[in-house]
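See the structures that follow.
Okay, so chain A shows up in both of these, paired with chain B first and chain C after.
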Partner chain A sequence: MLDVKQLCKDYSGLQAVQGVSFQLHPGDVFGFIGSNGAGKTTTIRMLATLLEPTSGTATLNGADIQRDPMEVRRQIGYMPDFFGLYDDLKVWEYLDFFAGIYRVPPRERPQVIDNVLELTDLTVKRQAYVQTLSRGMQQRLCLARCLVHDPAMLLLDEPASGLDPRARAELKELIAELGRMGKIVIVSSHILPELADFCNTVGIIERGELLAWGPVDTIIRQIQAHRSIMIRMLERGPEAAEFVSRLPSVLAVTPRGSHEIQIEYAGDLEGQAEILATLVRDGYRVTDFREEQADLEDVFLRLTTGAVQ
Partner chain B sequence: MSIVAGWLLRNKEAYLTNASTARDFRSQLRGNRPLLLWGTYLFILIGFGTLFYAVTSSEGTMSVASLQRELQGFYNTIMNMLGLMVVVVAPALTATTIVSERQKRSLDLIFSAPVSTKYYLVGKMISSYRYTWMLLVLSLPVTSVCVVLGGATWTDVLTGYANLSFIGIILTSIALALSTVAIKPVSAIVWSYFATFFVVMFTWTMASFLSFASMRSGRELPFLVSLSPFNQLNAAGAYTQIGWVQIPNFVLAGLTALLVSRIMLLGASSVLSPFGALDTKSLRVHGLVYMFVVAVGVGSALGSGSTHILYTWITFPLIAIVPIITCFGWDLEKKFWPDGWFSIRAAIVGTPAGGLPYLLGLLAGAFLGSNLGVGLATMDVFPDLHLQLCYLTWALGLWAFIWAIGRGCSSLYNGVKTARTLQAVFFLVFLTVPSAAVSMIVAFTSQPGLVDPTPLWYLMPLYPLGLPLAEGAPGALAWGLLMLLAALYIGRKAEHRARNPKPRGRK
Partner chain C sequence: MSLWRDLVTENPMMAELSRARRRILGNQQTKTQNTILLILFLALFLAFIMGTIRFYDLIPPSAVIYLQTGLYAVFVPSIGYGAIAGERERRSWEFLAVAPLSKLQIVVGKLASSIVVVIGLAALALPPLAILSLGNPSAVVSDTIRQNLISISFGIFVATLTLYSSSRAQRSFAALGMTIGILFVLLVGVPAVVGPFLGSNESAGWALFFLHPFIAIYEVEATVRGTSLISTYWYGLPQALIYLVLAAGLVAASVSSLRRSEGARAPQRSEA
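Up next, the complex of A and B:
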């Protein structure tokens, strides 16, 4: 379990991270959302023991990032937003080097390398030189490197940046699979649709402050207390708007052009069905009636102001 | 696991099964490049040997003594060529190792793994040094010809190779340390060659000077001769007499190489580690101990009554590290923060508040060490203590003043590099240039009394030839106190400014 408490990073007056706190459990895939310069990378680098926090703590399965960094490093796989590859090595040599760095016993290394290559679908590139790999393959090799020591937690900083749609889809599937394997995965990104697909938990950070964190559904519910319903009429839009505003539990009605109306509704699903039935019964010709679900983008835009530091 | 077993395991991992060494080995020996390089190298060496043989045999009859001289000359040339090879190759192979990793941004990947900086740096050093050493070993067949023909003995050859190996270790470790500091590979290479030039000139000059000054009998020579890459003919079989024991110079050279490489590795490790890391603490403690030991060595070697100048001169090269330990800034990711002006604990931890106490510690080490050295040589401990204290006050004032300049520069600018550069420039203008001028005046004046150094009185303790010890003491004391007062004023102002910085705008 990862327990982050009041993590702060201060660059002499410039607060890069301010009191970030969250907990994650095995199997959690945590999407760390924020604009460029919001403090995502700084937080991840602190968790990777590469940066010393100014204050606050973080423990991974009982090991503190400041008091016991070596134990934390044994349990993490860190993939920064750059590759840092050695072009003059072959793929297996690159992985063998990191297996050595992570003290994987020499006898076990060939098997470990085969396993991570299979997981990342790079088996056919075992003997290829790193510099000959495509960007997507290099990204997967970086991920394979993070896995040679079977870490409990993966820190992936902007893993999909610069990848083509296919490579991005493959990477998303791979990350989801790692979550299913019981690893804690922290993925930072500012591309929201990418995270919404496979993260079960998200955190939104701005100017170093964690504005919200938790399961995706919970966060959406937090920002969207009432249902938002969109109704499209064939005709008589303004009249329908007037009619709907008098119905119970309807909080607000906003006409959208001459045919569409948006209503804020505090009732339940039965009441929602009753609105549709009433409209039809009273002769309004409805062509579309749907509840509008907020997504991560809405949440992000509503919570943040776009300011960076 | 016991402490000893843990230590052994860590060292086994670092020196014998280092993953970094294995990786570099793979890339270094891949393809035809090494074969081509070594082939060319051997071709030059063998070609030179064959040429020598052809020239010598063409002379026809030759006396045994002449032939012996020729063969010795051949051996000397071969060893000088090897010395040149070490001097050229060792920095070239090492200087870019860390800086290129930094450019590739692969250091983060390594240091997010459970490896110590020592493990990584030792691996890098072995990788670089191994190549130099292989080139040395490859030349063994050529030098062995000298033994077969009679130009040198096996002892000469093996001692020479040991010494060149030690020189290689020193140069490799210095280049490695500079590689951690440099931002670009080109600057790392330039600085490494500059440092190599300095080491070669220093060992060569000191070896020549000390050999001439000692004028001892037999093969007793200062061990620095062994560390001079172009002096291996003289270094063969040389020893140093310590008490009743004759210690072969290559042993002392090896010991020196290990100590230098250790402090260089600690320095490199300290650069790569966060503040307060064990490596930094160890580096600082090593610095204090080395200063004391060097002072004892110099004091006992000179054994004169000029103890008052020893600690001023011994501490003079400190300027190379003073900007690093006294300046701070906000432009780096590491914490260079104004954490007070004087903290003894910080002197070992390595934060800016430790700058002044650490400088004073080094000065105290030089003072005590040089007195102990002189005491060992003359059986007179702390000679003329009251006069010495006057000169010690001057030294304290000088270093405190330079520290205060560093603090002042740090408080004026956000960038640590700007502060360091300014402090170094100040040092050059305030000390080095006037020193050179006074030195020339003193050296070329037959009657020291004719020199009027009034405008440069603050430098007089560095030039005792110009003034007798007792006469110079009041001036040293006065200037010492004046510089101390100035240091306190500037330091206090700088501290106030650093604690109340102008607000920095958000970007």
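Up next, the complex of A and C:
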């Protein structure tokens, strides 16, 4: 379990991270959302023991990032936003080098390397030189390097930056798989649709402050108190809007052109079905009736102001 | 023993040695090119050995040690300059920084390949040294040993100086430039600038150039010939000891430099 409490980082007066707190459990894939300069990388680097916090603590399975950084390092795999690989090595040699650094016993290394290569779909590149790999493959190799010591937590800073759509899709699937394997995965990004697909928990950070964190659905419910329903009529749009506004639990009705109406509704799913039934019963010809779900982008835009430090 | 185990026998960073071996021995694109280079090197080495056999009574053993010391000053920096600065440059340093390794383990691992080069060059110099020491009637074996100690300890000093420069610099070539610059000032600049002003004041010159490896190696022979101010059997050992102490200091400074660079530096790019 990762327990982050009141983590702060100052750079000569500039508060890069201010009192960030959250908890994550095995299997959590945590999307760390924020604009450039919001404090994502600083937080991740503190968790990776690369930066000392000005105040606050974080413990991973009981190991404190400041008091016991070596134990934390044994349990994490860290992939920075920009990274370089040893071009003069072959793929398996590169992984063998890091397996050695993480004290994987020599007899177990070939099997471990085979496993991580298979997981990252790089088996066919086992004997290739690192410099010959494409950007996407290098990204996956970097992830394979993070996995050679079977860490409890992965810190991935902008892992999909610079990847083509196919490589992005493969990486997303891989990260989701790591979550299913019971690892804590922290993924930072400012590309929201990228995170929405595979994160079960998100945190939104702005100007160093964590504005919200928790399961995606919970956060969406927190910011969207009412259901928003879009109804499309074949005809008599304004008349239908007038009719719907008189129904129970309907808070507001906004006509959208002559055929569409949007309603803010405080009732439950039963009541929602009843609205549709009532409209049809009264002779309105409905062509579309759907609840509009807020997504991460809506949440992000509603919570943040766009300010950077 | 625990320190020896942590830093040498069980230091995972010793894997750097195999990378260095590949860099030094397999730097070319093809195996053919590597083989040609190896054959050329062996031919040169063999010619050198044959030369020492042919002219054993004319060449003093110190000539080989001068050559070895000169090679240390040139070759060791060219091997080690990218040890840490190169990692920073290609942005792979953070992978080592988040590994469960102490900074001392990283520094010792990075230093190992340069030390192997120092020892390797000394080993290559041994056959000609043995021929000249045993064959040349004016050679004194104990002199040659002390001269070699000065040379090898100077080589280790150069290796640690290179590593220290690499730990301070953000760019590999800056580290190389820093190392070559310091060595040039110590070995050439100071003697060239100060030497003419000393005139016939031999004691001032001796004191000033006590740590100059080439002068120290020369002085070992001079003590035997009776021209040195201090004619002592132990001449040369203090210099070797001082080089080793300086090397230890530079290792400590490199570790300190790496520790300082963490904790205070803001992330790169625009992210704060």
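Following the convention adopted for this analysis, the second predicted complex is superposed on the first by the 309 of 309 C-alpha atoms of A that agree within 3 Å, B and C clash if a C-alpha of one lies under 4 Å from a C-alpha of the other, contacts with A are read in each partner's own complex, and residues count from 1 in each chain.
Everything below uses one rule, namely that a contact is a pair of C-beta atoms (placed from the backbone, for glycine too) under 8 Å apart; a residue touches a chain by one contact, two chains touch by 3 or more.
Since the model is a prediction, treat every value here as computed from it, not as a measurement.
**Student:** In the superposed model built on chain A, check whether chain B and chain C fit or clash.
**Tutor:** Superposition result for chain B and chain C: clash.
**Student:** Return first, second, both or neither, reflecting whether A:Ala16 touches chain B, chain C, both chains, or no partner chain.
**Tutor:** Second partner only, chain C.
**Student:** Should A:Lys40 be classified as contacting the first partner (chain B), the second (chain C), both, or neither?
**Tutor:** In the superposition, A:Lys40 touches chain C alone.
**Student:** According to the stated criteria, A:Tyr86 is in contact with first (chain B), second (chain C), both, or neither; which is it?
**Tutor:** Both partners, chain B and chain C.
**Student:** I'd like to know which partner A:Phe289 touches here: chain B for first, chain C for second, both or neither.
**Tutor:** neither
**Student:** Now for A:Tyr129: first (chain B), second (chain C), both, or neither, which partner does it touch?
**Tutor:** It touches nothing on chain B or chain C.
**Student:** Quick one: is A:Tyr102 in contact with chain B, with chain C, with both, or with neither? Answer first, second, both or neither.
**Tutor:** both
**Student:** Looking at A:Glu52, would you say it contacts chain B, chain C, both, or neither? Reply first, second, both or neither.
**Tutor:** After superposing on A, A:Glu52 lies in contact with both chain B and chain C.
**Student:** Go through the superposed model and pick first if A:Phe243 touches only chain B, second if only chain C, both, or neither.
**Tutor:** Touch status of A:Phe243: no partner.
**Student:** Taking the superposition as given, does A:Tyr78 touch the first partner, chain B, the second, chain C, both, or neither?
**Tutor:** both
**Student:** Of the stretches 58-66, 112-120, 382-390 or 490-498, which one in chain B hits chain C?
**Tutor:** The overlap with chain C comes from chain B residues 112-120.
**Student:** Of all the chain A residues, which ones make contact with chain B and with chain C?
**Tutor:** 11, 14, 37, 45, 48-52, 70-71, 73-74, 76, 78, 80, 82, 84-86, 88-89, 96-98, 100-103, 145, 309
**Student:** What residues of chain A sit close enough to touch chain B in their complex?
**Tutor:** Contact set of chain A toward chain B: 11-14, 37, 45, 48-52, 70-71, 73-74, 76, 78, 80, 82, 84-86, 88-89, 93, 96-103, 106, 145, 308-309.
**Student:** So in the complex, which bits of chain C are touching chain A?
**Tutor:** Listed in rising order, the residues are 12-13, 15, 19, 22-23, 89-92, 94-102, 262-263, 265-272.
**Student:** Considering only the defined contacts, which chain B positions touch chain A in the complex?
**Tutor:** Touch residues, chain B against chain A: 13, 17, 19-20, 22-23, 26-27, 30, 104-106, 108-115, 274-275, 330, 333, 335, 337, 501, 503-504, 506-507.
**Student:** Any idea which chain A residues touch chain C in the complex?
**Tutor:** 11, 14, 16, 36-42, 45, 48-52, 70-71, 73-74, 76, 78, 80-89, 96-98, 100-103, 145, 208, 309
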